[in-house]
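Naming follows writing order (A, B, C, D and E), and every chain is counted from residue 1.
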Amino acid sequence: MSFMEFVIAAIGIASAIGVVGFRNPLSSAFSLIVHLLSIAGLYALLGAHFLAVSQVVVYAGAIMVLVLFVLMLLNLKSESGRRLGIVRSALTIGIGLVIFLTISAPMLAQFDSIPQSTLEQNAKASEGGVKAIGELLYSQYMVQFELSSLVLLVGVVGAVMLAKRKNVQLTPREGGMGGVK
Amino acid sequence: MTIPWPPLSSLIVVPALGALGCLAPWFSAKIDTKARFVRVWAIGVSLLTLVILAAIARAATLSHGAVLGLEEAHQWIPSLGITYHLELDGLSFVFSLLTAVISLAVIAWSAKPASAGAGWYALLLLGESTVMGAFLATDLVLFYIFFEAMLLPVLGAMALWGGAQRLNASLKFLIYTMAGSALMFLSILYLGWNAQAMGHTLNGNFAFEITTLANMKMLNPIEELVLGLAFLLAFAIKIPMVPFHGWLPDTYREAPHGVAAFTAALLGKVGIYAIIRFMWPLFPTFMAQAGPYLAAAGALAIVFGALVAMAQKDLRSLLAYSSISHLGFCVLGIAGVSTMAMTGAVFQAVSHGLITAALFLTVGSVIDRQGSREFDRLGGLARAIPLTAFFLMVFSVAAVALPLTSSFVGEFLIIVGSWKLFPQWTTVALLGVVLGAVYTLTAYLRTMFGPLHDTDPRTGGDVRGFDVVILAGLAAAIIALGIFPADLLGMISPAVEVSAIQSVVADSSVALGFSR
Amino acid sequence: MDPITSYLGIACLLFTIGGIGLCLRRNAIVLFMCVEMMLNAVNLAFVAFSKIHGNLDGQVAVFFVMVIAAAESAIGLAIILSVFRSVASIETTDAAELKW
Amino acid sequence: MEDTRLALIVLVPLLGCIVSYAIGRAAPKLAGIISTAAVATSFYFVVSLWQALQGGQTFSFTLSSWLSFADVILPLEIHFDKLSAVMCLVVTGVGSLIHLYSVGYMAEDESRPRFFSYLNLFIAAMLILVLGKSLPVIFIGWEGVGLCSYLLIGFWYTNPDFASAGRKAFVMNRIGDLGFIVAMAVLYHSCGSLDITVLHRPEVLARLPSEMGFIAGIALFLAAAGKSAQLPLFTWLPDAMAGPTPVSALIHAATMVTAGIYLMARMFGVIELAPLVPAIILWTAFATSAIAAIIAISQNDIKKVLAYSTVSQLGFMFLAVGVGAYSVALFHVVTHAFFKACLFMSAGSVIHGCHHEQDMRRMGGLAKSMPLTCLSYGAATLAIAGIAPFAGYFSKHAILESLAHAHNPYLHAYSELIGLGATAIATCTAFYMTRSFILTFLGSYRGEGHPHEAPIVMTAPVLVLAGLSVVGGLVLNHGFFTYLQGPLPAVAGHSGGGILGYVLGSVPGLLGIAAAYALFVIAPAVKDQIRKVLWIGEKLSSGKFYLDEVLGLVVIAPIRALSGVTSRVLDQSVSIGTGNAIGGISRAVGELTCRMTTGQVSTYVLWMFASAAFLLYCFLPVR
Amino acid sequence: MNAFVPFAPVLALSIGSLGYLVSGQFLERARLTSLFALGLIGAAAYLIVGLLPMAPTVPHGFIINDFSKFFAVLACLGAFVSVIGTASSLAEEKIGMLSEYYFLMLTSLCGALVMIFASDFLTLFIGIEVASLALYCLCGARVTKEASSEAALKYFLLGCVSSAFMLFGIALWYGVTGGLAIAPINSAGPLVILSFVLMVVGLAFKIGLAPFHLWVPDVYQGAPTSVTTYMSCVVKVAAFAALFKIALNAFQLPTESAIGILWFLSVLAMTVGNLAALQQRSVKRMLAYSSVAQAGYILIGLVVLGDTTSVLASSVFYLTGYCAMTIGAFTVLSVLGPDADSVDDFKGLVKRSPFLAISMTLFFLALAGLPPSMAGLMGKVYLFTGALSSKFYGLAIIAVLNSALACAYYFRVPAAMLFQAPPTTEPVKVSVFSTFALTFCVAAVVGIGIYPEPLVEMCEAVAAVAVG
């Protein structure tokens, strides 16, 4: 495992923990951005250039901007003081551990023994440039591509429907903006 | 003489259509205006049913001998092997006759709950139709459908016009019955599949038709045991047999008189009928082994019911438990491989149907008059309502199985028949007879005799008009059956032979001496 | 440890972390972010697999997942907004009228 | 051979029962007349049939095929032979007299129609009982008379005590009936038939295994004991005096209570299968009649005295049954019917005359005010006391004689003892009957109001019966036993006894009379000394041997307790409780399952992950 | 041109629904909008029945056979009836912009169809997402009601998690096979099982099988009744179709570990569902839990799938009947008004509207498996016989005991409607649309029970195709 990979992976994991760990949503949002970027880096290292780019654009760009916008809009303080019980946290982490082990063990067991040579000769085939992906999208995955447009449409319309209401009052039912507690 | 219409189906369809007919004016939203016409209509329908039944019997008897063997078989769901198969032999005939008579009596009975409009008659007619179906069906699934369906009208009538606790009572009734029949349902399916697996069926599908299932010996003892127990549970709850009678006290306390009469007279009988019709042919080995336990259960139920009845404080509960006690005789009768006892059991079932219905109706009129069912609020009524007192006396006397009443025939045959097989349990049952005399006479004494204990000594309230005719008719039937039971017995015994006894005889694995 | 498998391991880890976050946090938006993390973990696995198998189907799948994620975010945030309007909070503990 | 008259014998009273009520509703006066006429008619038919009865032949009539189906043959058939002829004559003859009497006795009761129709119903049932050709048919009558006695004892039902007395009678009879049913079951299965003519064939009886024979015999005796008030089931009979006096006369003296003896005579073949059975019968009968006699001494209610004397006399009859002298027993049945009916009816006249006063201590000196009654009562007393040549003498004497010839392995040792005891009882009988006579008719009137003689319609039948109890024995003595040779076994060495025999035979009775006269007329003071000496006996006697109390303690109380426990514990708690418990539990579990849905998203996610982890952990082949 | 034929239904729906957006401004009249929607759904159904036979080919991403066609028609039919039944109640639900509402509903139907037709996992996943995303919004459609948006939030978050699981499963599948096609795999290695488990988790969530059912009661209660009506049928149909397809075509059931999983889910679902419903006073939640239990029954056919296809057929049969029941029940609820939920709202309904009361009673009887509406009963006969014939005695016994237990709560609503006094006597007015829908459901529920033969044969054919 090259040093580069190691560093990026480490950042990714660290930022992921950060997302979960920070009490303040804003900071977790930022660490999520870091996380997404690191993932993009991993994509790049894996040779999925197109994905790396779109990851940066779509995720770290569009989505996270949206998220941040909403966060600003609601200008929230950090999560209210009530901590979760230690028991529950332990339980959660335990369960997470079980899942992690049960999922990863067989995977690692299965793919540990892939000769480097095959990866070498696959490297060219799995070179995910714009051209290659584009060809696939417009030939073999035509249908799915069209359908994904439908997905986006649903997203738009749904958002509109939920956000827009006849008698718009942006102030919540009780308490001022931001629901100060 | 041949019958133009499909005779057996008409027994089921006519009352059902009649029920719809009752509802027709009800949907026109003027609920109680047409009450009288509805009543006449309902009486007419149930009378028609009775007539049809009589016609069928006559025709069949004329065409082929005393034993009726009418059948109606149609494919229903071929791919599941479910057929629409009705059959009327001596056994089904007596029970459907009972059904027709009781329904007519209950429908024609004038006293019905206030606020009971057309729905009352509709539900009763539906009840008649479904119970008929249960007595006629020979396809197990069809039987199960009717077995469940007959619960609903009774339930509805009870929940609509019952006492204060009516909803809980009916829920209890429902749950008990469903819990009981659930496993039976599964066993039925198992049988049907087993037939297929054994390759005993024509088209390679399941088969639920009793004759098909009975004629093949395809169950090993374990299967027989499990399935038999499942069936038994269902019927034990329906009859009910102790200790599965948890639904009974509430039901009989809450249900309106007519419904109580209908339930007590008919629903339990389906259990008795089904044990003879289905369990003996299907599980001969199991039944042969379970016989003694069944007999014990019956005998103990007789004593148990009697003892509990003695401790009751009100008329209706006393009747409820007394019917447990009386049905114990039927159970005792069907426990053993004895044509005599089994015939007696069927006869007893019929006569108990008549008697208990009559009792519930009569007692109902007494309770309505007094506005109370507690013994402490009754007494000395013989002077106030002599006619009711007379009928009540007749029916009580019939209930304690005095000779020349129908129940004597039944109990005598049962006792004499099962003495050979289970002398000890028969003796226990006899003790029940004495206790029966005790509580019955006590009830009568505390109701009719003694100083006239009457909260507001009103005159009148005696049975009158058409009700007298009904009671007289029932009394006449009871006594006539007591003096001339031979025809009915002659009808029942061959059917019992075919359905139960011969299956055991055929089953060589059962070694039992039996007394015919 | 082989590089590819290490990618898979990382994917599993991230997936789990996202799940844990979902269980531990209460802020709806953070929950949403955790979901996104889980999706990303899966994406990573896809890409790794595509490298293993030497075809691009995995990457195409990832592309579609991104599209879907975008739509999801739009809808999700809209929902969170409307919840905020009615409950004046986006903490899931406050939006718990429906229960039992 | 078939004969419709036979059917008429039964049907006429049955018809009378209905008609007399129907018409009686309109015209109460007619009710009595109609029913009396009905019984008389049936008496006429009985006589005519009896005339036609020659040799061993019998008449029979089948009403319906009743319980016959498949290979079971139990038709509803009655038949008329010498034995049933005797009973029929008694039932209808004495019955019609009593009907006539009741016309007067019940004259001012407003519910006469009911009374008379009940009476007729009873006669019909009794006739079925004695005419029945098979045990089930006999059982019809058996239960029928039980029902009628229940109805008639509780005739004045507004008094709850009377009503419950009726219930007591019915229930105790029911206990006896168990025996009847068991016997039928046993006999049917072993002998394959319940026809009494069949059941007399030795080859049929041979099929009966010995222990079954014993069971059948005992069971039959249990039935008889219930009906004929033997230990321990006799306490209902004294209570049965709650009914109108004619009822006591007809049912509880003349006819119904003797049905037991009739049954024994009918089924003697079965009774004698196991020699232990007659022995048991004998001892029971002995104890019964002794106890009843002792109790009767200290009774003050005139009807109670008669009731206990009836019990004691029934015991006498069973003594005869026990030694196999059935015709003798029946002979006593007949004579007893005469004098006991006479006694009861005279007592009835007395009560009627004294304005429904029954306590003898408030009577006395009625000889003047009602001579005819006094006359008949006296005659009957002499008869029952067994003074020759009155009717009672012959039957009692025959019984005592037959006791000497007991040929039962279990009895050889005690035959003398029993003979002596029986004689003592006879003396006792004479004593208490005389006492009652003295208390009632001699001395001076102790009650208030003016006692008056009964109307002719009542006295006439009483006198007739008095006459019968005077001459009846003398007349019948010769013919009776030979007449019954056919259906019943011959009586071992019965001598009519000459004048000397008469004198000797009357000694016990005379002793009793003398003692009573001495104690109650000449020297009343002595009486009290004796009472002090025999205080225990006095207590037992006046306390009726505390039989009711004992029964209540041993039988009734446990049953009540049992029923209470069953209903409260077994029924409410166990059977019903279990069902409710199951329901409750499932409801609680359901509540818990609902609580899983806390409404917290993060909880849900936790659940999801936990479940996923569980699935993965459980179902993944390699861990 | 012929290449488009397979997609005709989906295209029709999506393009048609686009029509809403353009015409959104002047198509605000409820009657028209709903009619338009109905027209579209009808068209789709017609296309499925009429056009698809001409395209037996397997185009990219889609597979057309009797199995998918049956389920597609079922979904369309369900959507059609639920739209008719609830059309008139939208006004009271205060759902603002009808055009968006119907657009989303049609799109989600579209997604459901994609799920049903999909022949590779990617398409399947996209279909799931289309359907789900639309539904998330629809749940929140009643913007003025707090519960509505809360339900939307819960459904959204949990739904995303579940699709993450699904997706991970797909990723593993891709990892094992190197492709995304739903095609038979011959290895049953740990990774395959793993991916199966993950996909099952995803789909079990969509179906609402315990222990992944926790969202069901909340969402069913919070969402607008009309939406609940729709999703209680369509989502189940689509998800079950997907589950059957994956399990049979991809994972080559039966393998014993997979069967173990499904057995566990089925038993847990019916038991938990019934137990939890016992105490419910809220009819919507009661029905939600009951739907969990019913899903457990439906799963039986897949669990016990032996060599015989008929057991799967029984599941399809039962599913069909169940759709009619649940649509009917929820339609009645929606007719009673947006806030009708508690059992008390049903008191004495028979006095206020006999038609509603009696049809509701019939639906509940069917759910309880009682005559006269014997769709449920026949379905159980069919299912349990299958279970027995594959020697799954334990499962059959648990199931039958559950169905007995269920009567305890199925009794409650009819009891309230028929046997209790109404608080008010003013009659409930039932619109023509609803009347039609209810009549249809009643006819289905009773008819399937009385004369099930044709449906049975159809299901047999479908199952035969599915098992292959």
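One rule holds in what follows: a residue touches a chain if its C-beta (ideal position, glycine included) is under 8 Å from a C-beta of that chain, and two chains touch if they have at least 3 such contacts.
Small disclaimer: the values here were computed from a predicted structure and weren't measured.
**Q** Treat touching chains as neighbours and tell me the shortest step distance from chain B to chain C.
**A** Graph distance in the chain contact network comes out at 2.
**Q** Report the chain closest to the protein's overall CA mean, measuring from each chain's own CA mean.
**A** B
**Q** What is the chain whose Cα centroid lies farthest from the Cα centroid of chain D?
**A** A
**Q** In angstrom, rounded to a whole number, how far apart do the mean CA points of chain A and chain E lie?
**A** One centre to the other, that is 31 Å.
**Q** As a quick test, compute the distance in whole Å between the mean CA positions of chain D and chain E.
**A** 78
**Q** Taking the mean of the C-alpha atoms as each chain's centre, how many Å separate chain A from chain B?
**A** So the centre of chain A lies 70 Å away from the centre of chain B.
**Q** When the C-alpha atoms of chain B and chain E are each averaged to a single point, how far apart are the two points in Å?
**A** Distance between chain centres: 43 Å.
**Q** Can you list the chain D residues in contact with two or more other chains?
**A** Residues 583, 594, 597, 599, 601, 605-606, 609-610, 612, 616, 620, 622.
**Q** Would you mind listing the residues of chain C that make contact with two or more other chains?
**A** In chain C, 8, 15, 18-19, 22-26, 31-32, 50, 52-53, 55, 57, 60, 64, 68, 71-72, 75, 78-80, 82, 85-87, 92-93, 95-100 touch at least two other chains.
**Q** Please set out, as single numbers or ranges, the residues of chain E touching at least two other chains.
**A** Counting only residues that touch two or more other chains, chain E contributes 122, 126, 129, 133, 136-137, 140, 143, 146, 149, 152-154, 157, 161, 168, 172, 175, 190, 194, 217-218, 405, 408.
**Q** Mind giving me all the chain pairs that touch?
**A** Every touching chain pair, ordered by label, is A-C, A-D, A-E, B-D, B-E, C-D, C-E, D-E.
**Q** For chain B, which residues are in contact with chain E within the complex?
**A** 27, 76-80, 82, 141, 145, 148-149, 152, 156, 159-160, 166-167, 170-171, 174-175, 178-179, 181-183, 185-186, 189-190, 192-193, 196-197, 206
**Q** Spell out the part of chain C that touches chain A in their complex, as residue ranges.
**A** The contact residues of chain C facing chain A are 1-10, 12-21, 23-27, 29-30, 32-34, 36-37, 40, 43-44, 47-48, 50-57, 59-60, 62-64, 66-75, 77-82, 84-91, 93.
**Q** How about chain E: which of its residues touch chain D in the complex?
**A** Those in contact with chain D are residues 153-154, 157-158, 161-162, 165, 190, 193-194, 197-198, 200-201, 205, 211-212, 214-215, 217-218, 257-258, 260-261, 264, 272, 274-280, 405, 408.
**Q** Help me check something: in the complex, which residues belonging to chain A touch chain C?
**A** Counting only chain A, the residues touching chain C are 1-2, 5, 9, 12-13, 16-17, 19-20, 25, 28-29, 32, 35-36, 39, 42-43, 46-48, 50-51, 54-55, 58-59, 62-63, 66-67, 70-71, 73-74, 76, 79-80, 82, 84, 88-89, 92-93, 95-97, 99-100, 103-104, 107-108, 111-112, 114, 118-119, 121-123, 125-126, 128, 132-133, 136-137, 141, 144, 148, 151-152, 154-156, 158-160, 162-163, 170, 172-175, 179, 181.
**Q** Can you list the residues on chain D that touch chain C in the complex?
**A** 594-595, 597-602, 605-606, 609
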